[in-house]
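First chain A sits with chain B, and in the next complex the same chain sits with chain C.
Then we have the complex of A and B:
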């Protein structure tokens, strides 16, 4: 179920990105892009609970961050940190690869900010995200 | 008689508060009324100081018992901190004030709750001051705002003794971490049982650590000595020695958090290590790490090394010889035999004339090896030679289709810089009784999330018999040449190439089995040509052929196909010779790459039945 939700989220994100960034084809699917999506999808199952508990939130630059580590037992905090670091590695690579696949590496920043908005709009209620004023709850 | 004074003070100097209070107590105790006084209490609403502030401070002295009791309650705040702390404790003092005990102590704020008790074991201020005190924390909890530095239910004892010397102080301290969890990013310690004992001297300029012994439960001990300059907290010197560390215990506690991004992030390890190091003026000058009988195995079974012994010295000033050996191992399921590596480490670079890794019945021999770490990036180059290994063994180990013969390779200079691996010249492989040449090989981020590879590959005189048997394609006798140009792999999957394979020039037996004919025609699309001739082909097991050829130009997931010749409706894949002559045609000019892969897979798994 989580996988389906994530899939919908990605598709919705991609579709609406296409409106915002008419020139970029965000549906291009190179092996690098699909490897990244696959790895993010697999990780989403581990992250979903942390979004819901507020331990992790969505940042303005299309990444995620540890917001409230105290929501997690001490012994699990380092694995939470590495989960967030790996997710951010994939997200950074995804924006870069989509830009490269479009033949416009310089579109990366724009693709990133469109994704950032979409991640937030598609976030489930109760998830935390960053806006101009700091952390806010959906 | 109880006297209670409430003073509404706004003082800018904490000293002034202490002086005022002390004078006040003295005056009262000295006064004729002293005997009649049973309790004195002073409160100050707010005291301001350059370094911070206090509020609602109450100091209470109870004189009813023989031993006076002192209690304090106060809110305080350091100038740099936004949080107010609550502090309280009750003390009972010996009549000569030479010892005392404070209990029910508590420091509390939003992120902190530290119940404590304090014991003044010895306080002698006559002549040479001599002080000894113990602070005990009971179930202390702390967390910073982000929760990345936190402790829960911490129980510990801090003991400090100070004796005045001609210049400065002599000190001895002991810290016992009795129980409690601590997470100090990235380290997590689940339980106590650790101890630090240290002693030294202290003056205005230097903190000297004569000896400090850190004992980490189950891991081992570390002895250090050194000097810290107090003006800028610079470590002038630090020498350490850990003669025997248990790696099985040290790995999850200390090493794993630091190796998170490396190949060693998910391993099982056992054995002992010894470490010595020397730091001067805050720079690492030398160390020596010795490994004794260590076994390491990757949990995802990518590698394993057994009975590692190593001597790894390093010095900032002079080159050192390092030695690394293991008795046996496995790399991607390939067994490695006993290996000895000797190399020279010169500050941040490593060189070795030869490193030989015995693999199966052959070996990978690296020469002219040189590696350097510059600005947190690795740079290296090497030459390599694969001494012949048996393909039968190799393929079964890697769960590949069984191959015969041997493989050997010459790998020219390989250079890795800034995440990019390039080769000078071409890589030569001997496979299937023929030769494969890989040239223009470039890899980017080979170990990253999005690896890319570009190369040109030339295949010459591959034995089709061995090849078709290996991939259960249906027997073909003959030789094959191939050229795969502009090959580009992303994440190890092809995204672009221009490939042509065709029978080699020259004289040799050329025979193709009926099954191979059927399989080949299925690669080029529906086998119309085969279907027409099916009735009489049926009687022949194999045919002679003049030439076989197939090409695929891959762009955007679509393969544009061709053969050895074009016809109005398609292309010729197999051109027969003799009687009966067979011609296999292809009709699909374009095939989706994924479809073609699926067809090849169906064919090679031997399930294809074309009727």
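Then we have the complex of A and C:
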């Protein structure tokens, strides 16, 4: 009986440990995350105008997409496409790296959907985003 | 004598198994820290989109060009 009680105590101790870990802030200070952040920060200078003109919008899966290619001069469309592709590479890597940095690679999808909501919440008015019904404007 | 040793061994084994298995289940099914993730996302988005620049200046060291000083 005493042993069982002791066992329960041990279990309770281990459980509270897990909960304490889960309640803490997420780890973001890794070289990989800092590098991605820096590269996205820099790229944002080029992307901001495209968000405002509606050429590019925020997607439901935490990425960006060309929404209105006609808002961009024909000669600039190729560079816009590669800008969007690079940004999406960084975003995918960012979600993955955050999950890995916190020891739960399986959290990637949930981190992605959290970001998808927060990008939209923080978007400036006039920017476009995707919801269940398609494109909408902030 | 034999019986009690056996049963206490059995008890011990059962407790050990439980102690090992339960936390393992918790680790696998550990809930996603939604609030912490939201906070982390906000922090990164603020940095990437360079929002809240003024707040950073206020909360950190005093701004170098502070007219009040």
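As a convention for this text, the second predicted complex is superposed on the first by the 111 of 138 C-alpha atoms of A that agree within 3 Å, B and C clash if a C-alpha of one lies under 4 Å from a C-alpha of the other, contacts with A are read in each partner's own complex, and residues count from 1 in each chain.
Note that in this section contacts are C-beta pairs under 8 Å (C-beta built on N, C-alpha and C of every residue); 3 or more make two chains touch, one makes a residue touch a chain.
Treat the numbers as computed from the prediction; the structure is a model and nothing was measured.
Once the two complexes are laid over each other on the shared chain, residue contacts for A:111 go to chain C alone; chain B is not touched. When the shared chain is aligned, no partner comes close enough to touch A:83: not chain B, not chain C.
In the superposition on chain A, A:120 makes contact with neither chain B nor chain C. Contacts of A:56 after superposition on the shared chain: neither chain B nor chain C is touched.
For chain A, the partner that touches more of its residues is C, with chain B and chain C as the two candidates. When the two complexes are overlaid on their common chain A, residue A:69 makes contact with chain B while staying clear of chain C.
Those residues of chain A that touch chain B in the shared complex are 30-32, 34-36, 39, 66, 68-72, 74-75, 77-78, 81-82, 85, 89-90, 93, 97.
Of all the residues in chain B, the ones that touch chain A in their complex are 143, 146-148, 150-152, 181-183, 185-188, 190, 257, 260, 448-450, 452, 489-493, 495. Chain contact summary for the complex, chain A toward chain C: residues 3-4, 6-7, 10-11, 14-15, 18, 22-26, 28, 33, 37, 40-41, 44, 94, 98, 104, 107, 110-111, 114-115, 118-119, 122.
Listing the residues of chain C that touch chain A in their complex gives 8, 11-12, 15-16, 18-19, 22-23, 26-27, 30-34, 36-51.
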